[in-house]
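Here chain A shows up in two complexes: once beside chain B, once beside chain C.
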Partner chain A sequence: MGNIDRRILYLIALLVMTLPLFLKLPLPIADNKRSLDAFDAIEKVDQSKGNQVILLSVNFSPDTKGESLPQARAMVVHMLQRSKKFIIYTMSSTGVAGQQMVDDEAKAIAAELTKQGKPRAYGKDWANMGYKPASSPILEGMARNVPGFFTKDSRGTPVDQLPVMDNIKTADDIGMVIDVSPTASYELWIQALTSKFDIPLLLAPTSVMVPDTYPYLISGQAQGELRGVLGAAEYESLLVKNKMADQSSVGTRVMTSMAALNAYIMILIILGNVTYFRSLRKGEVTK
Partner chain B sequence: MKEFFATPRHGWELTGFITACAVIFFLILFVIHLTPSSFKKRMTIVLTFVAGLYYLLEFLIPAETHIGSRVVTNPLTSFKEPLSTALMITGSLALLLGVYNLFRINGRLLMRRKTGWQNGLAFFIGFFSMLTMAMLNFYFPTGRTPEEIAKLKPLAQTFANGADQWKGWYNVLFYGGFSALGATVFSLLAFYIVSAAYRAFRVRSPEAVMLLAAAMIMMLGLTPLGTYFLTGWIQPDSALAGLKMESIAEWILTILNGAAQRALIFGIAVGLIATSLRIWLSLERGQFFDVEM
Partner chain C sequence: MTNISPEQFTLIQLWFAGICTLAIYSLLYKENPVYRIFEYMFLGLGSAYGFSFLYKDVMIPKLWDPLTQGQWWWFIPFLFGLLYFTVYSGKFSWMARTLIGTLMGLAAGYQFTQVVNQYFPQIRDSFRPLTPAAVEAVRAANDVVTTQPAWQEAANNLVFFITLIAVMTYFFFSFEHRNKAVVKTAQLGRWLLMISFGTMFGSTITARAALAISRIIFIVYDWIGHYTGWKM
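Showing the complex of A and B:
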């Protein structure tokens, strides 16, 4: 027990992580206030006057797609189911890959909904506005002239030919900003746009970034949060409860693996410390 | 002057404008290069101060001031956006510099057949294959009708007819290669944590005990491990609801972590102000400043 070969540890870790995915053992996901608030915030966006588009800011690269893509996907399902218009935007060059993945997911979900008799189409229900580098002054400029900032979508279609951007002129026509990012890009949104123009902000950071976001949640500068892949699983559970999805998706499946891996890590910590204290007692090591 | 630079240009006018700007830029650079070192330092100090002063004054001067019956707007605000765009463009030169550096290092590795030259070759193959497929996929996308393809020039028609191939190769390289490899490298962290959990997490002090306890509570409170198996039996509206693992985890995040994060944010902000002030007033020792002023 004293010195387990690293390769054995890694092999067990691999089995612990992958077996639940194959065995398909979904565990119940507890409700969480932050995910509930995020769900309610999207429900409350009122697009009846043809404006109040939702700005989905996607800034993740393939490195973090394991957490960020399920988060984005869950919210895209919600928005397309409720016919809430949204635009996908990225402000980082490394986020273009993530943006493309979210756009592809939106296409797949829209095709599925169209088969179910709820027609959804690119350009009318959502658009991919591509990559534009941004800083605080640039986003403040966007607030004054949204079509001047988003002149074309990622396919080169001029913004005046996109029905989703009809009646979207200034920051007053943006109903919400959702930031899906492994970095602190939400600080830029708070500084430049959401605090100044009283626009609701939802956060979807990776698990590692979650503690950093709490001051903004407590102060009310962000209205809801999806906490890593757990948040994605909680959101998927809400979608199933509200009959917007038949079954939970990848976020929920991954949670079983995560629970198993966490249990394994806790066992290793306990095992390692038991070994350490035994060695202390025998005098083999000093404190 | 803002209108002169901001007016959209097209065709030969645009080409001429860009060429003229480039020539003027290199001329200025050449003249600066000829000046003595002390003049360059003084010029850097003055330009740094003026640039910082612009942003400070733009922030401090009110957006609108009423003088009698007249409304005077802040004259500096209209330049803010074009200046930021210019800064972004200057910053993007770093991208080019990075690519040039990669070419130089890997090219030297390959040409001189040094140890690891295969990595240099792999870099060039990966770079040019991804560049080629991404450009072909972008400029010749799938979904074009035969009538739209017929309107293109003959060479473009050849490429347009192969749109399915370019998309296929792009998907293999992007989703199969780049995306999968990126996620794989990040996933290695899980194995490092497994190794650290067994070998490095030792309870050697009271602080370590607190750290470990908090970590265990968070792991239990944020996965079904704790929320379902441990305290799933507690009803959300019962008197014991506060003892549910997710409630304890949320308390730690909100109260303990929230306070610490706020302190960090304030500390970082104060440090940032101090450092920014030193850079703005050229008080920092560094490459261009041998002596603190």
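Showing the complex of A and C:
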């Protein structure tokens, strides 16, 4: 076992990840409290008085597209289905690419919904507010004057010509912040906006960041979380259960391959340990 | 020169992205020049992208445009910014230090106020009821309705409390750990830290695997699928 060429192990890993994509194995996704809380929090945003826009902070670049885009996509489906108005913003220069991907997804979903008799349109239901560098003081400034911060969208349309921004003046008019990011940008939101103005915060970090977010969830500083691509799969499953999507999307497909890969890694760990202890007993290796 | 149609441009992008993906993953086979060339290309592209983005989205709209529109006072922060370059002069490098010191002082002062928003709720949350009776009392006081039995929450809180104390003891370096109780608590803290690091490592593998799978999806469905018609 110890003498197996690592390239053979990589090749098997590649097959293990690829085959489930072709076989289209149905993977049951269990409900998770964090995703359920995120889903319920979006449901609760009340925009009946014409304000309380949802601020979707997208700070991922193409390198983490595999995890971050399915998360953002699942929540965009939810918001467009329920006609919850949202604006897409990035505080990272490399996040512009991710922001554009989310905007494109929103366009495709809106076109599909419009075909189904639920008209959704750019500017009215969502807007892409482009890139603006941010720090805590800058975001505090935004809290006092939202249209002064987002003067125009990424297409150059002045903010007063975007119906989605009607009646949005200060932090009191922001109904929720959703942070889709492979970095700790949620800390900026907590410092400058959500804790201070009691605005719900949803987190969508990459898997590697999930353990870092637990203190914020346990203390109630964040109301829900999509835990990496698993969170996206859980959210897609909630959308299907609530008849907002016909079938699960890319997040669930990635998780099917992931489950197979996890099983493969566990088998390798067990085999590796068995081989090691056997060699130890035979005196072939020393501690 | 003939114009490239949007379809042709998309196809070029597709092939370029596919070749880049394969070139980077070729490292798994062995270290090779193709991998190195693409690695350096990525670094070069990243730097060039960052520079052009800052120039186009920061320097031009935030400095050049206001200056050319008569808002001369924007030149003052620009001059302060230029002080950074004095680090290259032995005689005037102290000027850069004044700027760096001022900014660090500002950041530290500001950060101090932000700690209240960021960490105080977590400190407040660390005071938890440790017995089922206390859990019931807290729930009643806060009108909390839940199906979770009180003993379960009390047990969770106890694990939280023990972890908090043990890990804090491990990181307490003000005096030497000689007392047996302190030594054992610190050892427990180290074990608990190792468990949490293990969780983080597991999450790291999950994250990397998700990214690898997304590249496989790109190669199979976007690149090859463009010709074979394979759909997700």
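The rule is short, and it goes like this: the second predicted complex is superposed on the first by the 287 of 287 C-alpha atoms of A that agree within 3 Å, B and C clash if a C-alpha of one lies under 4 Å from a C-alpha of the other, contacts with A are read in each partner's own complex, and residues count from 1 in each chain.
Operating definition for what follows: contacts are C-beta pairs under 8 Å (C-beta built on N, C-alpha and C of every residue); 3 or more make two chains touch, one makes a residue touch a chain.
None of these values were measured; they are calculated from a predicted model.
After superposition on chain A, the partners chain B and chain C are seen to clash.
By the touch criterion stated above, A:A192 is placed in contact with chain C alone, chain B being left untouched. Residue contacts after overlaying the shared chain place A:Y131 against chain C, while chain B stays out of touching range.
Looking at the shared chain after the overlay, A:T64 reaches both chain B and chain C.
Contacts of A:L268 after superposition on the shared chain: chain B is touched, whereas chain C is not. Applying the stated contact rule after C-alpha superposition, one finds that A:L36 touches neither chain B nor chain C.
In the overlay built on the shared chain, the residue A:G141 is in contact with chain B alone; chain C does not reach it.
Residue contacts after overlaying the shared chain place A:I4 against chain B, while chain C stays out of touching range. Within the superposed three-chain model, A:V240 lies out of touch with both chain B and chain C [touch as defined at top]. Applying the stated contact rule after C-alpha superposition, one finds that A:L113 touches neither chain B nor chain C. Chain B runs into chain C after superposition on chain A, and of the options 98-106, 116-124 or 134-142 the stretch responsible is 98-106.
Taken together, the two complexes place residues 10, 17, 63-66, 93, 133, 136-137, 207, 210-211, 215, 218, 230, 258, 261-262, 265 of chain A in contact with chain B and also with chain C.
Considering their complex, residues 4, 6, 9-10, 13, 17, 27-33, 61-66, 93, 97, 100-101, 133, 135-138, 140-141, 155, 207, 210-212, 214-215, 218, 227, 230, 255-256, 258-259, 261-266, 268-269, 271-273, 276, 287 of chain A touch chain B.
By the touch criterion stated above, chain B contacts chain A in their complex at residues 80-81, 83-85, 87-88, 91-92, 95, 141, 174, 178-183, 185-187, 190-191, 193-195, 197-204, 212, 216, 219-220, 222-225, 227-228, 232, 236, 244, 246, 250, 253-254, 257-258, 261-262, 265. Chain A makes touch with chain C in their complex at residues 7, 10, 14, 17-18, 21, 63-67, 93-94, 96, 131, 133, 136-137, 187, 190-192, 195-196, 206-211, 215-216, 218-221, 228-230, 250, 253-254, 257-258, 261-262, 265.
Of all residues in chain C, those touching chain A in their complex are 28-30, 49-50, 53-54, 57-58, 110-111, 114, 117-118, 121-122, 124-125, 196, 199-200, 203-217, 220, 232.
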